[in-house]
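Please find the structures below.
You will see two complexes here that share chain A, one where it goes with chain B and one where it goes with chain C.
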Partner chain A sequence: MTGSAVSLAGVGKDYKHFTLDDVSLELPQGSIMGFIGANGAGKSTTIRILMGLIHQDRGTVRVLDNEMPAGQVAAKREIGYVSDDMRLYPSATIAWHMSFIASIFPSWDATYAAELVRRFDLTPDQRIKGLSHGQRVKAALLLVLARRPRLLVLDEPTTGLDPIARQEVLGALIEVLADERRTVLFSSQNTMDVEQISDRITFIDRGRIVASDDKENYLDRWRRVRFEIPEGATVTAVPGMLDLRGSGRINVVTVPNFTDATLPLLQATGASITAVEPMSLEEIFLCTVKNRREGVLA
Partner chain B sequence: MNAPVIRSLVLKDWFLMRRPLAFYLVAAAIALAMCGSGSLLAFEAGAILLITVVISMAIHIVMQTIANERVEKTLAFVMSLPISAMDYTSAKLIANGGLFLVPWAIVTAGAVGLIAFVGDLPNGLIPWAVAVMLELAVSYFFLVGVSLVSESMPWTIVGMVVGNLGFQAFLFYVSNVPVIARQMKGEAIVWNGPIAAILLLEIAAIVALLGLTYWAQSRKRDFI
Partner chain C sequence: MYLQIIEQIRERVAVGDWARDAEIPSIRQLAVALRVSVITIKRAYFELEREGVIVTHHGKPSRVAEAPNLEKLRDEDLDQHLDRALHIGALLGLSPDELAERLERAAKRRNDEEQA
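Moving on, here comes the complex of A and B:
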């Protein structure tokens, strides 16, 4: 058994108008990774490759000690996969889906399923076509959670939900994930959703991984520094600082690796520090993507 | 071969198709009753209805169990289960084969029984009727293959049109082969000669279509 539930090394996939390029990713067992990217960034392609649904053109993929795509049958026995573009059978009831999944997975836990039905406020006899989008997502989550998968892969499960339904689904998910330690890969374009449940974050943009780290490291390292310079002076660029903005005396700079040495460096240019502010994950994501695209960040 | 999951997927398709299938069987029974009513007009209307029922059933099964899985996005749910693309193909071919062939066999047996035991239809019609019914099965497996391999509703519709045109051409051809046309009007049931060759070709076509479908599916690298 390796320490990683998911391991992608140099994975590539070529399409006519999109290339997934040199994606390398490690998801340690027991961690919850948020996978953030804009629409078309390559999140779903990466996830489909690690599920064995798409064959990579280059690189190696290992999921729960199975080489993918060859080992997808064994791997999928232990993966719970819910995707934004996944639907249940509209004419069948939730109860039918539960018995269908139970017939396939010996690990199906009927007691836990009944508990999830109650927690998610679902009615087993209700047909899928009569459910709201939020209820459908909860039903899909119930079907994967009650078979207690080692790895949970959630591909934009909250996309298209109204704010109330989104909060309900996230709340239910957080509650369930708090019960036991599971490895989770949670993709979303919504950084707030990811921030709530993840302990590791990976950013993807234009088919490339642009950053991957512990959530706390991002939040600890990134700072926005506001400073003033003397009248008539010009701002001097400081290495390692991004997005220097301002006019006249008042300026703002983004620091991706804030340390004790950062402020003295700025002060040495004549700047007078007025504020040091933490940044949200969304701001960090946007800044990372923008600067990668411009070639400023390595 | 992942037999337990394939079995669950086959049962799933049977469950989801149980009501339409019951409807088509009732419609086929009505068509057979019309054929056996003794009136020539009712016989002709019944025969047309019977063929229409079998063609409609074939289209409905393929649309519901294959083409719609992509359109309604239930394919992602199925492929999240512990199966490979080839397991999925096997499940679809077994489920669709059974869904079509069971009612098809009942309807074919009903048609043969009707010719043999009811009214004054010549028994020589039986080989012709079997060839026509078998051709419907060929068209069906062609449509299953097109829908599975293309994973596309437009191509499934093209497959439907091509299959239907092929069936009409076959119907015209088989009814106008002089030997068969002569035998159809007689009381003797003749299985040898041109009709035997046609039946063998039809069976070979079904086997070839199944093989081609498997082959094309095995070459796919992206399944969803």
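Moving on, here comes the complex of A and C:
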């Protein structure tokens, strides 16, 4: 059976200056979800709620068949969690941390741990305080990956990493999914990382979910359309299309819900279509945030 | 992104790296190897099956089709490029005959380059 590894329904949390509202999402077992949003959008708050680290004011949270926060002790045995504010012991070595985790979690895989040490280019005898930021992130990831947890929850695992370290980390995350019983949720500000490795995308802005969907479906709905209008004509705005730009005859418009009916609608205004282009997640992200803040998009 | 994967796979089939009727990697295996998401490969396989390039069976390994119809795909691809060329030609004020002349010149240039 492949159910949901993570399921949030109508989750909310009120702070003095920030409200997380009506957050609902489903993460099927065996998939990777990329969680994107600007700084302060609510990514970390959502992740802390699903980890049981803070308690929601409303809504239900289920993680690996445990109601959260009540079932957090049972859930955490099978979750590997890494975030920036987690501290390793500065004066202990990587090897010390590895044997410490191995003594707590019976699922520790020493062979896999040794392989990750090699692939992440780490030195086990090195003390944590002597590590660079990238090495620290990789060490923390190694410590959870080698436990082979059913669910990995990673808060911005690639932030601050150089391109080589980023690809090492993304490669290791994809490999987790070779086992279809395992699931990954990671947040990121880097849309390229999310676009590369995610099966599902959840997009949060100002404490609300903007979209939570299959990645390819989501990308497929967005198109940039280039078109020309007859000389002397003025361009007509079509409802539902965004960011109409152009000067003179050549124009560009962004379509958030591209269907077979889109081009005929434009052609009916006298436009002749010159190109229909797919958009990157980065472009979609920027367009969505901008139009939401201007009140154009809900 | 799945479009890039589709193109790569068509190419592998076209040059015979993936032989006709040969078993191909599972979706998860290929995702790990190419470091892209499972859903991207799934979508690419789905489209490639629709095009008749590969055959998938539930619960069995996927294979390259016995007669992958790459010619038809190439043909459609060519038509799209020709349409584009006509469009650019029209912008430059070229007639179809003048375009055909340009094509012949391009072919000659390529031929000369290969001789050299």
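The rule is simple: the second predicted complex is superposed on the first by the 270 of 298 C-alpha atoms of A that agree within 3 Å, B and C clash if a C-alpha of one lies under 4 Å from a C-alpha of the other, contacts with A are read in each partner's own complex, and residues count from 1 in each chain.
In the analysis below, a contact is a pair of C-beta atoms (placed from the backbone, for glycine too) under 8 Å apart; a residue touches a chain by one contact, two chains touch by 3 or more.
Everything quoted here is computed from the prediction, not taken from an experiment.
With both structures placed on the common chain, the touch criterion links A:41 to neither chain B nor chain C.
Once the two complexes are laid over each other on the shared chain, residue contacts for A:27 go to neither chain B nor chain C. In the superposition on chain A, no contact is made by A:211 with either chain B or chain C.
Of the two partner chains, chain C is the only one that A:219 touches; chain B does not reach it.
Contacts of A:90 after superposition: chain B is touched, whereas chain C is not reached. Of the two partner chains placed by superposition, only chain C is touched by A:200; chain B is not. The larger set of touched chain A residues comes from B, when the choice is between chain B and chain C. Shared-chain residue A:266: touches no atom of chain B or chain C. Listed in rising order, the residues of chain C touching chain A in the complex are 1-3, 28-29, 31-32, 35-40, 43, 87. Across the complex, chain A is touched by residues 2, 4-5, 8, 11-12, 15-16, 72-74, 76-77, 79-84, 87, 221-224 of chain B. On chain A, the positions that touch chain B within their shared complex are 48, 51-55, 72-74, 76-77, 79, 81-83, 85-92, 96, 100, 103-104, 140, 144. The part of chain A that touches chain C in the complex is made up of residues 30-32, 167, 170-171, 174-175, 177-178, 180, 195-200, 214-216, 219, 274, 278.
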